[in-house]
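By written order: A, B, C and D. Residues from 1 in each chain.
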Amino acid sequence: MNQPSTVDRRKFLGALGVTVGGTGLAGAGLMAGPQVVKAATEPAKGKIPDTPFRTGHMTFFTSAAAVLGEPSHKGHILAAEEINAQGGLLGKRKIETITADEAAGTDANVKELRRMKLEGKIDLFTGVISSGNSPALAPVAEELGILTIFTDGCTDFVFDVADPEPKYVFRITNIQSADGITAALGTAQTWPNVRKIAHIHPDYSYGRNAAEHFTLAIERLLPGAEVVSESWPKLGTTDFTSHITKAMSANPDLLYTSVWGGDYVAMYKQALRYGLFDKMKVATTLALGVAPHAIGKDHPEGVLSGVHSNYYFTYPGGDRWPLNKAFVQRYYKRWNEYPNFQSEGAYVALYMLKTAIERANKLAGGWPEDEAIISQLEGLGMDTPSGYIYIRPDNHQGYKDAVTGFSKNLPDYPFATWDPHRVITIPIRNITAPAGWAKPGKGHNESTAAADWIKKTWPKATG
Amino acid sequence: MSILIIQILNSLFYASVLFLIAAGLSLIFGVMRIVNMAHGTFYAVGAFVTAWLVGRAVALGVPTVWTFLLLPVGAGAVALLGVAIEPLLRPFYRRAEEYQLLVTFGLLLILEDVIRLLWGGLPLSADPVMDLLPSVRIGGLIYPGYNLVVIGIGVVAAIGLWAVIYLTKFGVILRATSQDRRMASALGLNVALVYVSAFAIGCFMAGLGGAIIVPTQTAVLGMGIDALILAFVVVVIGGLGSLQGALVGALIVSFVRTAGIQFFPEIELAVLYLIAALVLLVKPTGLFGTA
Amino acid sequence: MILLQTVDLSKQFGDVHACDRVNFTVNKGEFLSLVGSNGAGKTSLVNLISGHLKPDSGRILFEGEDVTFAKVYERIRAGIARSFQIVNLFDALTVFDNVALSVFSRERKVVKIAALADHDQDVRREAFDVLGQFGLAGKSAVPAGGLAQGERKLLDVAIAYALRPKLLFLDEPTSGVSTRDKTQIMDTVSSVVRAGAVTAVVIEHDMDVVFRYSDRIVMMHEGRFLADGTPEAIKANKDVANILLGVPLSA
Amino acid sequence: MMRADVSRAEPKLLLFGAAVLVLVVLALLPLYIGLYQTQLLTYGLIAAIAALGFNLLLGYTGLLSFGHSAFFGIGAYSVAFLLRDAGIHSMELYILIGLPIAALTSALLGYVCVRHTRIFFGILTLALSQVVYSLALKFFWITGGTDGLRVARPTLLAGMFTFTGGGAFQRFIDAYYYYVLAVFAICVAIMWVIVHSPFGKALQAIRDNETRAAFLGLRIRRFRWVAFLISGTFTGLAGILWVPLNGLTTPEVLYWPFSGEIVFMTLLGGFRNFTGPIVGGLLFTYLKTYAVATTEYWQLLLGVVLVLLVMLLPTGIVGAIATAAAKLRRKEKPA
């Protein structure tokens, strides 16, 4: 497509399928997919070894990132226990898990992954939260032939550049560029008059990506909007006061931030005391991404509270989507806390693997080779607690409809949650580059395929 | 305008905490001639202990007003830790500097993990304390009253320490010992005792720094390592072993840092280290150091 | 023939005159002793000339060249070397290396980085030769830290001597050793120095030693020269006697 | 504390024989240990090179640098830049271009740092190394910030060996181990000559007695500067070799605690012995790896080891063994 034209914003947002409300799975095709927790109906074909299936799970067990990352491990364990209760994979192989603390640093994580495979003899590598780590780990997994399903580490960079033709590496959560774009759509939808925007982002790939794609989308949705202040605290910062003051000094209409985990908790508390929330609107990509109980009741209402455009445990709510209700109940029963999107991602990852293994077994019998499992994972689609998820064969990336919401204090929970009536959902295909779109360095030099796609195809909105 | 005031207050807030840490480091060096690499971690311990105490107190239903009293308790705990650790260092006072650096570096590694062992890897917060005080209006903006208290504590600590060192008999003894250990013991001073108390005071300062900052932020692993390096910059600029130096150094570092975040974020840290290096070159003993 | 000459050389510490307008000459080939009570300024004078201290005023001429503000290494190259009152060795290095380093330094070979020190036969020969002259050849492989006091004293001189200086300052080469060692050390030192035709200036307290070995004796007191002459002349000098006996000066 | 025997002229033939033996053993090892152990050993050899360079300053010149992470990191980052911005893939070119860069930085920082000694030298090196660190941290678009820069496997020996496709990692490690071993052997030989050269002796003289050294006509500051330069360059070389093995470089290797680790390994082996840092570098690599793998509290473990080391074995493992051996010899033939 050539020069993007201009269209009316409402039409535009409509065309993008942005819907607000709590009514259900907008766009999520309730098409028949295997259901997550359905027990393996018929017995496995052929001879299955009963040696344990060893998985390595790497996530943040320490540091401020742990409040976001540790739930990944809990989701993984829950799924493993459920599967083992049914006798294990293909009814035979019990899932064993060894863990590693992602907080050790990227260099150490690379070393640890090699150790897990070469000494720990793992069959599956999973977890990984930080976008700083997945691009370093993906190539290692490929070269050592480790079947890998990242829970997160969702930067586009992994499958755009670091591992452009993935074989062994998959990723379950939504692609990162969707985060910034979702926040932008939420902003344009809710506060169309925003013009002056201040940014505060963690100084690494996630923050940079979130800033870039938000701005790209906003330029088209809210022409004339400008960045009036930028601040890049390093990941793990505890003192945001100077950054907050800097943002306020530009008196913007909106603060957009991708600060996450314990860092966000520290930041919103400090922002409260500096009266930031009274001075401007606030849009985030990951505010409620942490383990839900980590956000206090003191969190202001009406903040656009992203969950990595993946999942928040109250949505799809009630009985509209039994899968979620059941998952949340089981998770709460096991851990006495509510899941976050990492929990759901890690949980689903194991069940997708299970499904792929069973399908491969049906075809050939016996324990399937990694190659057979991989070919089943490619293109696999299924219903999960968060809705319908589909793994695109070309880039091994899991896609599900993007969601975000607004913070609200409900009596039902001892922490701030989503306003059940103001959940924004966007069909994922409308905010991500289609399959086969040129990757960076191949025909364009944008940082991501998504960025190039937006620049080339999105019109400018008016009104 | 009010923004400017707030940024200045931010800097003063940061300076008072940094001063507490650096002054302790400087005092210990001044008296014992030891550069304590674990000093930043004492600051972290102060933060964790305090956050933990406050957490327990709130859980036990203690009225939050009283949690204020837990700040000095947290600092005191660190002082006790210092008293317990100082004997460990004694064998090294006469040893080459590299050994002193290394043993305290080892201490740093140990304490970092002891913290993790005791309180786990998750951040601890103590914000009930902070919410005790209302915010104050500054122009159209508000500023946490608690932060003003912290600034106040910094000022009081500076004056107090100065008074102890320059007005009391104990101060005379401290200075005498720092001048010449042998002479001091010849004069019948109990050097061992002087050392313990100096080390304890140094630790108390660091602990207090951690105690007063934790309500405004959270206690996280590694906070000590970052703090140490900044404290180093402070004492290098001000002069190892000099109290005024620590004060001026802390102010310089804090204001440069704030300005850095506002105006030159890319080189915010680099500038600090360069200032330190520059001072070290022009005046190795720092702005206020004496040989 | 004059080798070294100082002109109104002065150095003050606070209000103490370590050297007060000192005019000091050393003639080629002589064995000169610098005497005087403690704090008379002997060592200060040597420190000024060797470059260990910077003078407040005055000039230092060595072979007619002004070396007043020359760097230490420049003076060494010019031919001024010294030993130290408190022995100053490289204790971790072997006796051999201690001396060899002087030779390397003098030969400008000390910057050699791609050659093994022990493989330089010329230096090796010379170092052993020097050690031999000082009777230390037997100890060449011992770390200098392991020597007896007397030997350390000798090695200290040997290190300076190995620089083949024209003018050699020896700061109390016999301090802190037994009387028997004293004579033995001084015999060795004086014979080596004379054999090598090196001009020597010795700071010494023991007057017997002084009178026995010196060609000329210079007496310092409170930063000034008090007497200057042959041993006989000095013996005859009353003030000297008084000072040595601790009697305050008349006039 | 124990006297240095660094300067004792060893019976060279025996020494040479021992060295060759060790080299042969190292060369045969990969046949008996697995892929993982081989790559770990490669890390170890690289650490040994870093420590070897570092010890020229600490052990031989008597200067404790707390900023050697800067040179390691600069070596590592120059490789990353050469790959990304110049599209260079050859290990030899990495070394040929990387070394001068490391040397230049060492020369610059050294020129400033050698104006001080003792604690001031330590702090100055620390401060300047952190300047480099903070730049790498903050200039995201150039350095990738905390993400660091990824480095693909280079070709070895001017393209004779390339590593792509299946099993590439295995093949790379098998070849790269010997590559590093060769460089390691060369470094050891060079360093051995340096410390036994007149220059090396002069450094030790300066370490033991600065004043007297000056009165041999040595220009102290220059010697320290050159020592600093060589030391930094060796550590930089270690950084260059480390990147392809690690696959990426992050500011972690520029942060001051990594300088602490270099000091640690050197002390572990013993900084008063030539072989000390080599042994230390290898040992530390295994110590840390298995500490990290076995306990969440590996820092505690390392800390305790370090403190005990400083208290009980101030001369390090090699130093202690040397002393013990000396005692034994004296027992055997009572003089």
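Note that a residue touches a chain if its C-beta (ideal position, glycine included) is under 8 Å from a C-beta of that chain, and two chains touch if they have at least 3 such contacts.
Note that the structure is a prediction, hence the values are computed from the model and not measured.
Steps from subunit A to subunit C, taking the shortest chain of touch contacts, total 2. Listed by label, the chains that touch subunit B and also subunit C are D.
Farthest from subunit A, judged by the mean position of CA atoms in each chain, is C.
The interface with the greater number of C-beta contacts, when A-D is set against C-D, is C-D. Centres computed as Cα averages put subunit A at a distance of 40 Å from subunit B. If each chain is reduced to the centroid of its CA atoms, subunit C and subunit D end up 43 Å from each other.
Put simply, the C-alpha centre of subunit B and that of subunit D have 34 angstrom between them. Of all residues in subunit D, those that touch two or more other chains are 137-138, 296. Residue positions of subunit C touching 2 or more other chains: none. Along subunit B, residues 116, 265 each make contact with two or more other chains. If you check each pair of chains against the touch rule, the ones that pass are A-B, A-D, B-D, C-D. On the side of subunit D, the complex with subunit A involves touching residues 34-36, 39, 137-138, 140, 144-148, 150, 166, 168-169, 246-250, 252-253, 289, 292-293, 296.
Put simply, subunit D touches subunit C in their complex at residues 3-9, 193-194, 196-202, 204-205, 207-209, 211-219, 226. Every residue of subunit D that touches subunit B in the complex is listed here, in rising order: 1, 58, 64, 66, 112, 115-116, 118-120, 122-124, 126-128, 130-131, 133-135, 137-139, 256-257, 260, 263-264, 267, 296-300, 302-307, 310-311, 314.
Taken in their complex, subunit C has these residues touching subunit D: 50, 52, 72-73, 76-77, 81-82, 84, 88-94, 97, 100-102, 104-106, 109-118, 120, 141, 143, 145, 159-160, 163. Across the complex, subunit A meets subunit B through its residues 61-64, 66-67, 101, 103, 230-232, 236, 238-239, 241-243, 245-246, 248-249, 262, 265-266, 269-270, 273-275, 279.
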